[in-house]
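Two complexes are shown next, each including subunit A; its partner changes from subunit B in the first to subunit C in the second.
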Partner chain A sequence: MAGSATAVGTISGGRHLPSARQSDRRFKWLLVAPAALLILAISIYPLLFSIWVLFVNYDFQIPGHAFVGLKNFSQVIFDPVARYSLWVTVVLSVINVTIEFILGLAIAMALAKTFRGRGVIISILIVPLFISPVIVGQVWVLMLHNPFGPTNYLLGQLLGYDVTIKWLTQFPWNFVALILADVWQWTPFMFVILLAGLTSIPPHVYEAAELDGVGPWLTFWNITLPYLAPMIFLAITFRLLDAVRLFDTIFIMTGGGPGTSTYSASFYLYTIGFTQFHLSRATAGAWIFMVLTLLVIIFLVRRLLKAETR
Partner chain B sequence: MTPAVKRPVRRSRLSRTPIWRILFLTVFIIFVLAPLYWVFVTSIKPSDDYLAIPPVWYPDQPTIIHYTAALFDYRGLNGLINSLIISVAATFLSCLFGTLMAYSLARFNTGGQHLSFWVLSQRFLPPIAIVLPIFLNYRALGLNDTHIGMILAYTVFTLPVSVWMMFAYFRGMPRSLEEAALVDGCTRWTSFWRVAVPLAAPGIVAAAVFTFIACWTEFFFALVLTSRNAYTLPTVFRAFLSFQGAQYGEASALAIVSLVPSIVLGVLVQKHLVRGLTLGAIRG
Partner chain C sequence: MNERERRDFNAGLAADVDAWLRGEPTRRTFIKRFGQMAGMLAVAGGGLSPAFVSSALAQAQVQLEDPNTPLGKAQALALKASTEGPTDGSAFRAVAAAKQFAGANLNMTYEAGLQALDPRNFSGPLWEQLTGIKSTVVELPSPDMYSKPIAEHIARSGAYDILDLQPQWTPALADGGVIAPLDDYIAKYMNVADLEDYHPLYKALPTYKGKIWGFFDDGDMFALYYRKDIFEDPKLNEAYQAKFNKKLEVPKTWEDYAQVAQFITDQMAPNVYGAGHFRKAASPGNQFDFMQQFRSNGGAFFDENMKASIANDIGVKTLNNMIAANKASIPGNEELDAVSLWVAWLQGKVAMIYSWPPTGRMSAGYSQSDKAISFIPQSSIAGKVGYAIVPGGNPEHAFGFNKALAADSANLEAAYLFMQWACSPPVSLARCMLPYALRDPYRISHFKSDLYGQLFPSAPEYLANLNASANVGLLDPIMPGAQDYQLSLDRMCTSVWAGTDPMEALKTAAAEWDATTENLGVDSQKAFYLEFLKLPGATAANTVEKLGMAVKL
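And now, the complex of A and B:
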């Protein structure tokens, strides 16, 4: 960062006249303008507008926009389904990210050294990343179908009795199904980043450890993990912030059901807003959800930026 | 440590792959491929075959009727065309504006860390928080369920990706050529447009592919902001929700139609994957 700042100084300050420096300033803001204005118009302005929505009645079932104070907030906060859905979001995200991290690390370590066919294997393993989560959900609906899907059939063959798990409607299997779909799609995310980290560890470090007779377990704890730590932090941060959005697979696989048992926060807010059309209540909930996420973002991403620009 | 102890260790590191490693990788590859095989096979099965116990692993008479049904009876073709129009236009705008902004951030440190952080934070806002207000505004402006509305929404939601990928790319590019151009009397604009952009072309292509995939696979915005006119391919899957099993052939066919293009594109740019996934934070 410091290096680039001085370089800018030599270009604009050293060789050019003050008028050139001024046109530089106009130039750099002109380049930023289209993107910044678009974000302001499509993302920031609606967010500001929605602050007004928070405190009025904005509901397709009740006409008018009367001021209602904090009623929208209280309706969400005191709705047990809302709190339950937040809980589901947190628990599912943590479980998903943990499994994806452990599996991703294991695969990355299995692929860290070059061997024949490694490139093909990597190309196969990354495929789920490029598929729409809705389709991933749809695919797992087919896989887990009771009784016609292959999963129950193969489990039955393996265990020797008829398996009739209703994967999408029966607790806890509906959660297992959602986790399966998420792990299937996003383990490659962890694996790709961690593999990049593993291959960037200089080999002489391992050679030194080997010369000193350090065992594989100690090598892992004392060399691999510390070297990987920044990558691990980044991978988990990125993944976690996406994991809490959890919506598409629920929409297609369980529809939030049975009842409201697989509602995630996003699914809950979507239902309130777009199937019941309590828009102001949904907006209030969305703001609460956003502030909660924002706290995590500021905490995690700030640290990431600091580590990266150092 | 004696050489006699060391030699077998070194040989194992170079050539032999432990059996547990092969086993583990094989199991995981099967886990990744099995659902893909199943969705493909379901898409070419005659309808009787996918309601059979034991499951039909490969149909005796493969058929493409589900593809025609999915495209024409379930309006999949419209969704496909809409997805193409919206994704291409949004990719173009996002990469154009993103490259402009990224260049400014990388070369002039415009707005310091705050501006780049502000753009990045857009990437992590929960979509439900943004989509509600966008929906209300679009309703007032008449942009709901229009291509323009979707293109604008997708441009904004992919800008963090294109800005940050290009930001990292420009920062990794030496500035000496642009400086030489300036010394030769080029303006800032020509040194950017004629020198920096052609040099950054590989990065722009990679950013464009990731932007396109993001638009192509997006579901949530499309679900809320479109209905009968500008609906995209992923939202067509809603049509299969209410049926219990009868429509699996069509759903699978549509899934294949949707996932093949993005997988092909993704695998083509896989050497940029780490940068794409981490928004340029890790070079890979």
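And now, the complex of A and C:
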């Protein structure tokens, strides 16, 4: 915009016209204003409001908004369920993203070369991406339900004895169930990004390696991985940012149970805010969670930028 | 809206999708028979003014049942009471007074799904035809039914006029100024004799600090439903007698319940299992079952210092009884919600369940006469079901609803008049009889109703059992923090089902209860709890029956 304004000023008079520039500048802000106001209204204002909520009582069970200092923070920090839910979030995110990355990379490498039917296979593989996580959760509930779901039956047929795993209500199977659902849905995301990365590696590099007699393992370590690194960081960053928000499948599949064993940070915040109506406490928890997430984001983005500049 | 109904609705959607895939009609097709209004009133012994017939036929929105059916007759009686009287009746007086507000619009919150079909299809349109007051139904998921009115009150938006609320929320909402007391309106408009028609367990529920903050409107009383054919089976009786040296009877204690359930499972599984429960996390059967068994075992929730008193021998005994019942139950018991349990029950897979009153109507196949309940299978056990008070003798009144007046309403008087009309004896009876409704009988006149008794062959016994259950029933704690306390119980139970030691789980829950109490203020919570203890049904020692107020039909 600024560039074009300068160009217009120069063309029209052969020199800069201050009044035209000012007018353009005003027009520029006029164009930006609706979007800026919208962002202020739906993003900045709630954010500032939430800062006020952090330090007052904003609880649908306790009338009034008395100043409470850091009490909302301390209630979250000293809540064992909050600390545990953070731990669950970290563990599930790391396991989910790791498995999805490994599987996604393997599938991408298998489908990197063209062959008959490749398009159909890729289309089928990415279908889970288009399904709502709530539906995914419900499907897996039906699949894993004990005793009515087919999973235990099929396992029983395979193993030759009755399998009665309580996938949704028994540790560690409830975690296995959540991981299964997440991996099933999000591995295609990894696969799509990594496939794009693989197809952008220049073929002549592989041809040169082949001529030099480099084996497949060395080729993978010395060519594929370095070339793919920016895409890997991109995929892991995006996926991790999404994984730490894990809520839908937990809500549908385990309800956070048994006990609080599958509470993720998001599920904990939802419960505190919208089941128990302790909104100021939930806000404090959300801020703590956001700061922790931000640290991870900064780390990952820096790595991502570094990888890109290599 | 409570959790059960949310799941009903979700399940209904899924079933509708299935039905659509099968090419069946999925949208419930209510019969619009407003033209039969004259015939209905004739059955009810009344007449119609030509102007009213013309007006009614012109609008043709309200969906009414065949006038020859019990529900059709009940609807006709409700209409007659609204238009012809008795002139001192609450329904008639509400309609007469409300006509001055014709043209107004009332926004009323309802639990999303089946609950909202009543004001959408019956009471809302009928009220509009009678008074000219329109209504907008705002469907909310259960947690929002509490939080949204508060948020709107803080914003002073006046978004709602009438609120459907769980009784346990009354103290917080009354103290917070979200709802308005009804006493002045009651004195002005209501035939106060109608207040005496409430079952004593329910009558006091909207009362707080000496004022009335709503009209009770849904008798969510748990009861035991059992298969008579199984309990009367001679071979089973013989085997039970041989094994335990006593007669096979409907269990009256929780120990007997687990024993009988286990015996039936041992004898009849996999065709039939002794019992089934909705034990899935947040279903929310765990908390209700614990609260009713714990109190019938003699437990009290808090001690004199307002410390949680659940982590004790009574708590352990309660959980152990529940574990024993789980072991005797249908496989997957801990993963069932209320709807899944109904499905198993209606398909004849379970010999005993205890649940909300729709169980009885579904068992008889009455509810399934309406497409809105198509997500529940047709009953394979109609005519085989008996009704009893739950073992232990103190069933839980699980949730329930009050209809309350939003303090910020711009139409306070009109809103109040709708509440008075909808909850009046004849209109509330017709609403409770709607097959798709999840409103359950709560007035003495409901329990005594001949028309309700004609809905299905065993309806009189069903109503008698609901009344008897209310006589000895227990209330959910009515105090701030009730959600927190109950959430802790649900977590505790699911944790125990997964193998945690009962005492350890009880201690965790007790610690959570104490944290909740301290957060809300020990003295303030103690005052609320002491107020709650004054209500009939707060403990097993002061049920309606023990206070000498039992209703005999």
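The rule we apply is simple: the second predicted complex is superposed on the first by the 264 of 310 C-alpha atoms of A that agree within 3 Å, B and C clash if a C-alpha of one lies under 4 Å from a C-alpha of the other, contacts with A are read in each partner's own complex, and residues count from 1 in each chain.
Here, a contact is a pair of C-beta atoms (placed from the backbone, for glycine too) under 8 Å apart; a residue touches a chain by one contact, two chains touch by 3 or more.
Since this is a predicted model, take the numbers as computed values, not measurements.
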item	value
Subunit B versus subunit C as contact partner of A:261, first or second or both or neither	second
Which superposed partner A:171 touches (first subunit B, second subunit C, both, neither)	second
Touched partner set for A:104, first subunit B, second subunit C, both or neither	neither
Contacts of A:145 with subunit B and subunit C, given as first, second, both or neither	both
First (subunit B), second (subunit C), both or neither touched by A:274	both
Residue contacts on subunit A - larger count, subunit B or subunit C	B
Touching both subunit B and subunit C, residues of subunit A	138, 145, 147-148, 255, 274
Subunit A-touching residues of subunit C, taken from the complex the two chains share	14, 143, 146-147, 150, 172, 175-177, 280-282, 331-332, 334-335, 480-481, 483-484, 487, 490-492, 494-495, 497-500, 505, 508, 519-521
Residues of subunit A defined as touching subunit B within the complex	4-5, 7-8, 11, 15, 23-24, 27-29, 31-32, 34-36, 38-39, 42-43, 45-47, 49-50, 53, 58, 103, 106-107, 110-111, 113, 115, 121-135, 138-140, 142-143, 145, 147-150, 153, 184, 188-189, 192-193, 196-197, 210-211, 213, 231, 234-235, 238, 241, 244-245, 247-248, 251-252, 255, 265-266, 269-270, 273-274, 279, 282-283, 286-287, 289-290, 293-294, 297, 301-302, 304-305, 308-309
Partner subunit A, residues of subunit B touching it in the complex	1, 6, 9, 13, 17, 21, 24-25, 28-29, 31-36, 38-39, 42, 50-55, 96-98, 100-101, 103-111, 113, 115, 117, 119-122, 124-130, 132-137, 152-153, 155-156, 159, 163, 171, 175, 179, 182-183, 188-189, 192, 213, 216-220, 223-224, 233-234, 237, 240-241, 245, 248, 251-252, 255, 258-259, 262-263, 265-267, 270, 273-274, 277-278, 281-282, 284
Complex interface listing, subunit A residues touching subunit C	60-63, 75, 138, 145-148, 164, 166, 168-171, 254-261, 271, 274-278
